[in-house]
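Each of the two complexes below includes chain A, the first together with chain B, the second together with chain C.
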Partner chain A sequence: MKKLIASISLGLERELGWTFPPLVVLLGTIPATASVLIVVMIYWVGSSAAGAVDPSWIAFLVVGASLYTHFSSYIWAPISAVSEGKASYTYPLVFIAHSSLTYVTGRVIASFIESSFSAILALGLSTVAIKALLGVEPTLSFTPLSIALFALGMLVGLLAALGLGLMLAAYAIFVTRLEWGLPVYISGILMIFSEAIFPTSALPPPLHAIAESLPFTHIIRAARAALIGPPALYSAEIATASLLSATWFLAGVLVYAYSEGLGRRRGYIDLRVT
Partner chain B sequence: MANVEVESLTRVFETRSRRVLALDNVNLEVEKGEVFGLLGPNGAGKTTLIRILTTLLLPTSGRAVVGGFDVVKEAKKVRGIIGFSSSSERVGFDFVTARRNLWFFSQLYGVPKSEADRRIEELASLLEFQDQLDRKLYMLTTGYKQRLNLARALINDPTVVFFDEPTNGMDVFSAKKVRELFVREARVNSRTVFLATHNMFEAEEICDRVAIIDRGRILAVDTPENLKLTLDKPVVMLETDVAGASVGDPRTLDGVVGGTVKLDSESETANIRVILRDEDYLDKVVTLLERRGVKVLGYQRLEPTLEDVFISKVGAGFAERERSLEV
Partner chain C sequence: MRSSVALWLRVAFSRAMIRVLATYGDPLWIVVNVGGPLLTSIALAFLYKFAGIPQFTGFAILGGGIAAYWGNVLWSMAAQLNWDKRSGMLYLYISSPAPLTALLVGMSLGGILGTLPSSLTVLIIGTLLFNPPFSPPTLALALIFMLTLLALYGMGIALSSLYLILGREAEEVNEALYEPVSFLSGIYFPSIGRASPLPLAIQAVASLIPLTIGMDALRRAVFFSEGVGELWPSLLTLAVMAQASIILGLKALNYVERRGRVTGDILVALR
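Moving on to the complex of A and B:
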C-alpha cells in the first residue's frame, strides 16, 4: 500500500508539476468539453435540418462523449509510465525495486484522479454551453444519487482502463521508440465500439458482439441509466461492467507479468527508448 | 564471506541474423566490504554482468548469487538488498524535486518515513547537494543530477551496490569525491561496492581487487598491485616521428606482445607504447620501425599499468579493442 500511495503521489506530481496544478485540471476540461460540443453540434445540425431535435439524444451524446474522453485521457498513462520510464531509466530502477506493477497502477490512478475532475467539470460546462448556444436543455438528472452512481461507473471504468492499460504497457516493454500513437489508435477503436456516440445495435452482428464484450460499453450505459434513465437498467449494466472490468484487469495483470518475465529474459527491461 | 558469487555464467544474445556471446563462462567471488572493480573496454561484457546481478536480465546458463540469494530463483530478495546506479541514466522524474525523487524510491523499498527523511539529508550532505534538494530535477546541473543518482542508489541502505561507469563525464573534483564515497561505503558501512569501469586510474586507486574482462571472458582477477606484478615484461614508450609513414599494428613487430599507438596527426608524431617479450627486442623493434619509415626520437621504460596487463593478455589496448568491436 505504501508503494501504491507513493506511486499515486509521484504520478500526481508528474502530471500536475509542470505548471500551476488547478490550471492543469482546467486545461483538461478543454478537450473534454470540445469533444462533447462537437458531437452534439453535428447531431444538432442534422436533426434541425430534419426538424426533429430530441433533447434526450443530446443527453445521450453528452454522457457518452464525456466518459469516452475521460477514458481516452488516462488510458495512455501505463504506456507512458513504461515507455517514458525506459527513456529516462526510471522504469528499470522501479523494476529493480520490485515495484513496477504497483508503479504503473499508481500512475494510472493519478491520471484517473486528474481526468475525473476534468470530466465532471466538462460534463457541467458542456451542459451549460449547449443550453446557451443551442437553446436546448439535455435531459440530465443531477441528484446526489445519480452523481454517486455516475462516479461508481467511473471507478469501475478505472479497473477496465487499468486492465487495458497494463496490456498496452506490456507491449511498451518491447518497443524501442516512444510509442505515443498506440493509445490514440485504441481510443479510436473504443469510440466505435463503446457506445460513446451511437447505440451499438447500429453495428453489424459480429461487431455488435465485440462491442458487448467491452466493459466500457456497459459503463457508459450504466452512466446514462444513472443520469438520463431508466434507473432500472443501472444495476444490470454496472454488474456486467464490473464483471468484464475485473476480467480485463486480471488479464492485464497476467499479460503484464508475463511480458516483464519475457522482457527480462530477452534484455528489454532496460533497453533504451528513443 | 562472499556477497557476490558467480559460477560459469554465460549470456548469449540472439537475433535472426546473429548470435553474440556477451558473457562466456564467468566465475567471480566478491567479499563483504570490498570495493571490486570490473575493468574492460566498452563492449567487454561489464554492463551485461551487472544487468544480470541486478536482476534486469536473465543469464543463458550458470549461476549468480547476490547477498546469499540466487538472482534467478530469488530475484525479489536480491532486489531488496541491492542498489544500482548507471552513468548512462537520466536520474529520475523531471517535474519532481530531488528530495521527492529520493523519497519516492525510498518508499518503493519500504523505508519508514522518518528514516527516509534522515537518509535523504545524510546522503545529500555526503554528496554535497543539500541546497539542491528542493529544486525540480530539470533545473539541476548534470553534476548534481549525477550526485542525486548516486544518492538514489544508496537510499535503501543496500548490502551490495552496483555502479556502472559512475564517474563517466564527471569533473575531476566530483569524481574524486565520488571515489572517496565508494571507499567510505565499503569501509564504514561494510557494503560490497561492485564497480564497472574502463577508467584504469579509478580501478587502481580505489579497488581492493580488479577483474579484467574482455569479450565476455574474465582474463585475470587480483589486487591491482598483484596484477601489475604478474607482468614480468618490459613496457617501453617510443617517441617517434611518423612523417607520412604508417606505424601499423605494433603486434606485427617481432618481439612485441602488444601495444598502443597515439598519433598526433598535426605534428606527425606518435607515441608507441609496447610490451616487449624481453629487453633484448628493443633494438630490433627500433630497427623494424625505421624500416617502415618511422623515425624513433627517443624511448623510456615505464612502470606497468592495468591497461598494460590487459594489453599483455589480448595484444591491444582498450581503444583498439573498442574500435574492433565497432566493426
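Moving on to the complex of A and C:
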C-alpha cells in the first residue's frame, strides 16, 4: 500500500505539479467541453435538417461524451508510464525495485483523479454552454443520490480502464517506437462501440455484440440511468459493468505480469523508446 | 544574396524531404496517424445517421480528412521546434547557417505531402463505408484546399515560434487547443453560415480562424456544388489569411530567434 500511495503521489506530481494545479484542470476541462459541444452540435445540425430534433437526446450525448473524454484521457497513463519511463530511465529503476505493477496502477489512479475533475467540470460547463448556445437545457438530475451513483460508475470505470491500461502497458514493454499509436486506435474504437455518442442500435447488427462486451458501454448506460433515468436500469447496468470490469482488470493484471516476466528474461526493460 | 537564397531553398527542400521520406519510407507512420481522424469521423458519421440525415455523413468524413492536417500542424509543426530543443537538435540548427524560417517552411511542405496519405485514407474508407453524396472535384475545390492548407501551416509556423519559448506547457497547450479550435472552426459541422447552430457573435469569432473559412468553403464546394463564382469571397479571405499568417509566423519566429540568440534562452530546455 505504501508503494501504491507513493506511485499515486508521483503520478499526481507528474499530472499536476508542472504548473498551478487548477490551471491543469482547466486545460483538461476546455478540450473535454469542446468535445461534448462538437457532438451535440452535430446532433443538432443533423436532426434540425431532418426535422426531427428531440431535446432529450442532448442529455444522452452530454453524459456519454463527458464520460468518454474521461476514459480516453486516462487510458493513456499506463502506456506513458512505461514508455516515458523507459525513455527517462525511470522505468528500469522501478522495475528493479520490484513494484512495476504497483507503479503503473498508481499512475493510472493519479491520472483518473486529475481527469475526474475535468470530466465533472466538462459535464457542468457543457450543460451551461448548450443552454446558452441552443436555448435547450439538458434534462440532467443533480441530486446527492444521482451524483453518488454517477461517482460509483466512474469508480467501476477505473477498474475497467486499469485492466485495459495494464494490457497497453504490457504492449509498451516490448515496443520501442510509435507506442502512442495503439491507444489512439483503442480510444477511437471506444468512441464507436461504447454507446458514448449514439445508441448501439445505430450500429450494424453483428457489431452489437462488441458493444455489449465492453464494460464502458454499461458504465455509460449506468451513468445515464443515474443522471437522466430511468433509475430502475441502474442496478442491472452497474452489475454488468462491475462483472465485466473485474474480468478486464484480472486479464490486465495477468497479461501485464506475464509480459513483465518475459520483458525481464529477454531484456526489453532497458530498450529505449525512440 | 544569391548564395543565401540558394541556402534557404536547399534547407527548405532538405527539411521537406526528411518529412516525406520518413512518412513514405515507413508505412507504420501512416497506419498510426490515420487512426484518430478515421475512427473519429466514422463515429461522427454514425451520429449523423442516427440524427436522421445520412446525407450529412460526408461532413464527418471530410472533417476527418482535414483533421489529419490540423493534427499534423499542431503536433508536427507547432510543437516540433520545442521537441527539437529538448532532444538537442535545435543546438545543431542554431549553430549551423541553416535559417530557421527555411526549416519551418520545409517542414510545412513536407507535412502537407506527408499527411496526404492519412487524409486520403480517411476520405476513401469513409466514402466506402457511408457512401455520402460528393460533388465531382472542381477548380474551386482545388484552390480552397490549397489555400486552406497554406493558411493552416502558416498558423503552425506562428505557433511554433510561440512554443519555442515554452517548456512542457507546449504539449498541454496543444492538447487544450485541438478540440476547441476543431469546435469553433466547424471541422465536423457547419459553424458559420445559415446552417450553423451557433450565435452570430461566436460565428464572428470563429471566422477569424482560417480553418473555419476553409472548412465552410470546402463543404459548399464538395456537397453543394458551389464554384468559383459563389465561393470567391471565401477564396479571397483565405488568400489574405494565408499570406498574413505566413508573414506573421515568419516575423514572430525571426523575433524569437533573434531575441533568443541575444539572451541565450532559446536553447534553455525546461521540463
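Methods note: the second predicted complex is superposed on the first by the 273 of 274 C-alpha atoms of A that agree within 3 Å, B and C clash if a C-alpha of one lies under 4 Å from a C-alpha of the other, contacts with A are read in each partner's own complex, and residues count from 1 in each chain.
Operating definition for what follows: a contact is a pair of C-beta atoms (placed from the backbone, for glycine too) under 8 Å apart; a residue touches a chain by one contact, two chains touch by 3 or more.
This structure is a prediction, so every number in the text was calculated from the model and none was measured.
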Query raised in the report: Looking at the combined model built on chain A, do chain B and chain C fit side by side or clash?
Result: fit
**Report entry** Partner, of chain C and chain B, that touches more residues belonging to chain A
**Finding:** C
Requested in this report: Applying the touch criterion given at the start, work out whether A:1 contacts chain B, chain C, both or neither, answering first, second, both or neither.
Outcome: neither
Query raised in the report: For A:184, is the partner it touches chain B (first), chain C (second), both, or none of the two (neither)?
Result: second
Requested in this report: Applying the touch criterion given at the start, work out whether A:30 contacts chain B, chain C, both or neither, answering first, second, both or neither.
Outcome: second
Query raised in the report: With the two structures laid over each other on chain A, which partner does A:46 touch: chain B (first), chain C (second), both, or neither?
Result: second
Report task. Quick one: classify A:18 as touching chain B (first), chain C (second), both or neither. Result -> both
Query raised in the report: Who does A:199 touch here: chain B (first), chain C (second), both, or neither?
Result: second
Report task. Applying the touch criterion given at the start, work out whether A:232 contacts chain B, chain C, both or neither, answering first, second, both or neither. Result -> neither
Query raised in the report: Angle at chain A between chain B and chain C: what is it in degrees to the nearest 10, using CA centres?
Result: 80
Query raised in the report: Where does A:94 make contact in the superposed view: on chain B (first), on chain C (second), on both, or on neither?
Result: first
Query raised in the report: Could you state the shortest Cα distance, in Å, between chain B and chain C after the structures are superposed?
Result: 5
**Report entry** Contact residues of chain A, present in both the chain B and the chain C interface
**Finding:** 18
Query raised in the report: chain B touches which residues of chain A in the complex?
Result: 2-3, 5-7, 9-10, 13-14, 17-18, 87-90, 92-99, 102-103, 264-265, 267, 269-270, 272
Query - In the complex, chain B residues that touch chain A - result: 13, 51, 54-58, 75-76, 79-80, 82, 84, 86, 88-96, 100, 103-105, 107-110, 136, 152, 156
Report summary line: The residues of chain A that touch chain C in their complex are 18-19, 24, 27-28, 30-32, 34-35, 37-39, 41-52, 133-134, 178, 180-181, 184-185, 187-189, 191-192, 196-199, 202-203
**Report entry** Complex interface listing, chain C residues touching chain A
**Finding:** 28-29, 31-32, 35-36, 38-40, 42-44, 46-53, 56, 59-60, 168-169, 172-173, 175-176, 178-180, 182-183, 188-191, 195, 197-199, 202
